Amino acid sequence: MTSCDTEVPGMTTDRIEALTDGIFAVAMTLLVLNLKLPQGGALGVDADLLSLITGQSHLFSNYAISFLLAAVFWIQHHQQSHVIKRTYRTHIWLNILILMFVSLIPFSTSLISDYHDDWMASVFFGMNMFILGLLFYLNWYYATRNHRLVALNLDPQRIAVGKKRGAVTPIISLLAVTLALVDVRISSLAYFLIPVILFHPTFRYDPNASKER
Amino acid sequence: MTSCDTEVPGMTTDRIEALTDGIFAVAMTLLVLNLKLPQGGALGVDADLLSLITGQSHLFSNYAISFLLAAVFWIQHHQQSHVIKRTYRTHIWLNILILMFVSLIPFSTSLISDYHDDWMASVFFGMNMFILGLLFYLNWYYATRNHRLVALNLDPQRIAVGKKRGAVTPIISLLAVTLALVDVRISSLAYFLIPVILFHPTFRYDPNASKER
Amino acid sequence: MTSCDTEVPGMTTDRIEALTDGIFAVAMTLLVLNLKLPQGGALGVDADLLSLITGQSHLFSNYAISFLLAAVFWIQHHQQSHVIKRTYRTHIWLNILILMFVSLIPFSTSLISDYHDDWMASVFFGMNMFILGLLFYLNWYYATRNHRLVALNLDPQRIAVGKKRGAVTPIISLLAVTLALVDVRISSLAYFLIPVILFHPTFRYDPNASKER
Amino acid sequence: MTSCDTEVPGMTTDRIEALTDGIFAVAMTLLVLNLKLPQGGALGVDADLLSLITGQSHLFSNYAISFLLAAVFWIQHHQQSHVIKRTYRTHIWLNILILMFVSLIPFSTSLISDYHDDWMASVFFGMNMFILGLLFYLNWYYATRNHRLVALNLDPQRIAVGKKRGAVTPIISLLAVTLALVDVRISSLAYFLIPVILFHPTFRYDPNASKER
């Protein structure tokens, strides 16, 4: 800790959590604005709504992928903030940056919906997720380094598992970016690896395992 | 409870409630964006606003129906979360799925507003409500099964009434979907049965009745 | 209190306040979406932005009027909920109705902005405010009647002042509706009476005055 | 304190903070709606997405500048409200005015994005930030004057630093307005001075320095 990086007077972690819950809630709900059917069928010629919806099925899968990825990050935020007991200047601004890229998710999702054949859209979306994952990893590294913002008796096993889990999203996002350069249609499939990996026992913190050692 | 389904470190029920209140608030307020009058009358020819509004009266009834259905689900959420004392992995993701379909309500409402003569729009809207109702039912079943997430002394009468009430919305939504196939104009009327049924004494939890037994 | 109107299991007043704060925050911020300049000047011909903005000055005054009226209702909500200690079924649904008309404010504001010469727009806006004011009045009447939801020792002076203050907004809104039928341009001026009246000492609760009696 | 400016019955500072966190969260997330690519490339001709995005790079820098400026104000709000222990009528309405101009930020940002060559857009944006900064300054001055709303033992050094920091944003915003009249392209650069100045040790409150005296 340098003399520049100190507690900010009047800032507490529960304030950051209130803004975080708010921005996650708004960003996740704004995703619904991307579900716009082509104007052709509206107001009059409505016999084709079924084919309109099935023809735009990628809109719904993109909605689900973005919503669930945002939920993964939201859970990660609370797992981190649960053990972070105080806040420093660097920690606050890392969190502001995180929120700036959370708030960007509806735009990234609109790109992969409007330009679903364009590799650039998938790269942009993947980079959004990569940067978010990286910022979360840095946030955890910063907070736990020398127990800077966490309790001194925090289980080292928990810190290690937090790092291992935190590496999953940025690595998978880079994989999705790479896949987009090969074939844009399979890029999104990479994200399905995230729940598979995070659910695996070696990526989960087990309080009892730690106590037994 | 299998070894896979455990408490998630750092997740508490009050975090889920904060995100839930946020997403409900945004989704219910975004419904107002569906109240768009046809562009023809705007900016210049405004002599017809009264006829424009009365001609679009279905927009306002759809707004009210969606807002009140969302409110029914929001009340159900708090009745459930009031007695749910802890959270497991499955419970968190059931809640994320619930929020994903809450967030979808403004889109479903836009369908029955823009395509009000199309049975498919009413089916889509009805399926949204059916899935939401089903997820809430599963959430209650999961949480109260063997008192998994609730207090051991929770009144069994309360669990039973919760199940009975939880079955109302999905069943009525299926009825609305069926009606849409018969005559799209009467589909929405089904939802008016929900308050009637839920208000009936046999569908309400009475703490005193339980104590008397 | 009839046997039908009882406490709803699992509902507490702080839940209602969380949803209320959320819906007020979203509705007040969505007002900004009505600040749309005519498309003519955008993207290219931008020499006229100053005249565009001054030509659309009614957009900004409508924004301010709606934001401040919403703030008046938000303050009223917290003044009421501060002394309301429990909640009944009727009280919850009165609050849901209140939120439904709070959420409608951005649409009513868009009407008086898009159709600023049309008396019907001002009538619609005024009726929105009238219904909101009436619901708040009913909420206070319901909660304080026989001290139904408030403490038994709540100062009667406070209940009386709450009623007197609660009558101001609906009466002034009816005045604005009437003025709209006479001359639509002066309708909005009526709302400026609200702060003047509410600020007057006879419309303010003075704890000391009550103690002295 | 005059007899007109008293505590408002039923209003507490935590209510104001809840609405504030909500409006900041929505306003910061609504900034994403300004990230609209020109319609030309969408739906069909999508080979040019990369050039579309790079050609609209000012949209992304405006998004970042607005988001970070809003974050600066949000932090300032919590630094102030952390020591403000009670609320008066004037304080509430100062906060409502603050929220009205926070809620305006997405519109001001849309102006500097849609009319990026027009000095008027930068002046409007700068005036939004100037008024916000001024209202925050007034809020702090009002609350700390004769320790009106703060604890009597609040460190005078903290009050002084709060004033000094509070003067930075309005002064820099006026500089940005002035620069817009000279050359609109360099106006935004002024805002980069804000973190530089606020980070400087003479603009930071040091509890220890105060204790040593």
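Every chain is named by a letter (A, B, C and D) in the order it is written, and numbering of its residues begins at 1.
Note that a contact is a pair of C-beta atoms (placed from the backbone, for glycine too) under 8 Å apart; a residue touches a chain by one contact, two chains touch by 3 or more.
Quick caveat: nothing in here was measured; it's all calculated off a predicted structure.
Any chain touching chain B that also touches chain D appears here: A, C. At the interface between chain C and chain D, two copies of one sequence, fewer than half of the residue numbers in use appear on both sides, so the contact is built from largely different positions. Its C-alpha atoms superposed on chain C, chain B is turned by 90 degrees; the angle is given in steps of 5.
Inter-chain spacing, taken between the CA centroids of chain A and chain B, is 26 Å. Averaged Cα coordinates give chain A a centre that lies 37 Å from the centre of chain C. Each of the following residues of chain B touches two or more other chains: 18, 22, 25-26, 30. In the complex of the two chains, the chain A residues touching chain D come out as 4, 8-12, 15, 18-19, 22-23, 25-27, 30, 38, 92, 96, 99-100, 103-104, 106-107, 111, 114-115, 117-118, 120-121, 124. Only residues 17-18, 21-22, 24-26, 28-33, 35, 37, 41-43, 46-47, 49-50, 53, 63-64, 67-68, 71, 74-75, 78-83, 158, 199, 205, 207 of chain A touch chain B when the two sit together in their complex.
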